[in-house]
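So that we are looking at the same thing, I have put the structure below in structure tokens.
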């Protein structure tokens, strides 16, 4: 044994380590405090406004009441229509880019463009939507115009997420399927998409979050209508009518200095976003093909879906 | 003498500029195990993949020469690769069961080729699992995820999956290199059984394995097929000095 | 599920081949000694001509062992011991077979029958050597080390008997009672019997090695 052998039990204080650890803890607690502070403030200010009437009626000067039912419905419309257009487009584009296109300049260019697209301020999308969908295509201020505009906004999000998800599917799955004679599309349909499903769902739900939170791209495209449809026809026709989402309504209330209403809407939005996050967690777990055995206990239906 | 199942004639393969296979001529015998040995990067795996056109999936690959299966050129125009790969199945280095149930993994191939009847599928699945010597281990958990199996079981499941489409030839690309010794020996035993019905071609890094299981052995070196003969000849009386150096471990 | 099924079958087949060869050799010894004891010239002739089968068997077992080494690499534990002891035992068996033939050849040459009556111990020696050989083979095929040790111990008795026989013959020669040729032939027969016993001991030592990896307390493996 050498005399200069250092015992494993020798304690060596490292000052810089200590300081850094303390700093990191400080940052973390600051971040938590900020979130908790905002949420707390919104809840405290908004909770008084949120009641049954608030949620189930629309604005009425006659009764001098205020409610957000119309805006809730508009938000739902915009979400559904946008996703109906953007999801197949986004997934299709991702499949093309990842599985079919030969890697090269074109693919890199498309990927670069989509990335840039997601960095553009949303008001620019709003302006483009208003001019192109609203004026040129004569769709005016309508939910459809809003949805089309938002499609542009979330398409990169869904495409990127789907691409990422497809990339994580091991090549061995592809080879395995092709190696026993599956056609490419059959392989994509039966192996790739089910395996990539959690990632795709994450993308879609993130997109919903983006839609729910969006205002700048909508204010000049979907407008600010808040009337509930009165018939089945009305429900369909509503797509072509002006319809403001919750965020738009909130913006309008604030410009009118109705801060209590605005905080009420803010609270509802917070709850929706929270719900969406929980849904993401739940769904990605449910559709995770690698957890077949855990899933089976809970839900029989999923299995048939995967095995088809 | 066994009949020739696959014949390659003056087969050259290029990855872009890289001449990866140099004029390979080989007759692969029916219902026998043929092993390809050689150091890493010698082209043995590449050659294996030309036999069921898995190289088609790599963009920069160019192939010259012919490969015939029972006299039919598999690279000629109008060949249905789906049908080709049904006849020439493949098992890979890493066990790659699909993320679905054991049953669905084995039924995957038959379903591609249009078999939908439950009873018929059941029969195929059981037969394939039995042929791959894994039926008894999984019969009570057919609906469980294939990912829960051990590595060796997964590989035998993959063999069952390949057998389920009733191939004539089974290509195996280092099927045991990711497995523990016992699982490896199980797969080797399985190959000995399979050759009564199938033509088996295996790439292996393990020379002892080639000696144990194969009837014919080909030795590859930097894209060239140096020597091809019965396993007895290759391991007892190699004709080329490079073959002898390699199999006796005096390489490089 | 056991693994290396084919290898196991081949090892069993090797064992069976060894047993078969041992049977052939035993049969030859049996006949050879019978021809000697009963001076049956016909039987002796048969033995002299019939050794080819044993040699072929030896080659086939050697080829089997080499093929097993090439293909199955029996390089550890009992696999290694079994294949290497098989390779050694096959030589001993072949030698015993040769000696059976040698004895038969000598039987054909012994002209005077009386010589045997005057060498009283040789019959006892023959039956002892035969028993050792039989037991040696049985010890190997049944992996019975107890029996193997018994055979090894019995070698001393055969050696003692050989010395007795030698003495008897040298007496005969001194007394000039019998033809010198016959005496020498009998001595050689005795020597072959002694060698057969030695080979039986060798088989038993390989039996011991097969089970323990040691031969006479010397660790080989």
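General remarks:
Letters are used for the chains, namely A, B and C, taken in the order the chains are written, and counting of residues starts over at 1 for each.
What we mean here is this: contacts are C-beta pairs under 8 Å (C-beta built on N, C-alpha and C of every residue); 3 or more make two chains touch, one makes a residue touch a chain.
Here the structure is a predicted model, which means the values were calculated and not measured.
Path length between chain A and chain C in the touching-chain graph (shortest route): 2. Legend note: the chain whose CA centroid lies nearest the centroid of all displayed protein CA atoms is B. When each chain is reduced to the average of its Cα atoms, C sits farthest from chain B.
By number of C-beta pairs in contact, chains A-B lead all other pairings.
Averaged C-alpha coordinates give centres for chain A and chain C that are 89 Å from one another. Chain A and chain B have CA centres that are 45 Å apart. As a whole-number value, the distance joining the C-alpha centres of chain B and chain C reads 50 Å. For chain B in complex with chain C, the residues that touch the partner chain are 133, 136, 182, 185-186, 188-189, 192, 208, 211-212, 231-232, 235-236. Only residues 1, 3-7, 67, 70-73 of chain C touch chain B when the two sit together in their complex. On chain A, the positions that touch chain B within their shared complex are 102-103, 170, 172-173, 175-183, 186, 190-191, 194-195, 289-293, 296, 303, 306-307. Put simply, chain B touches chain A in their complex at residues 52, 54, 57, 59, 81-86, 89-90, 92, 94, 96-101, 104, 108-109, 112-113, 143-145, 147-148, 158, 161-162, 164-165.
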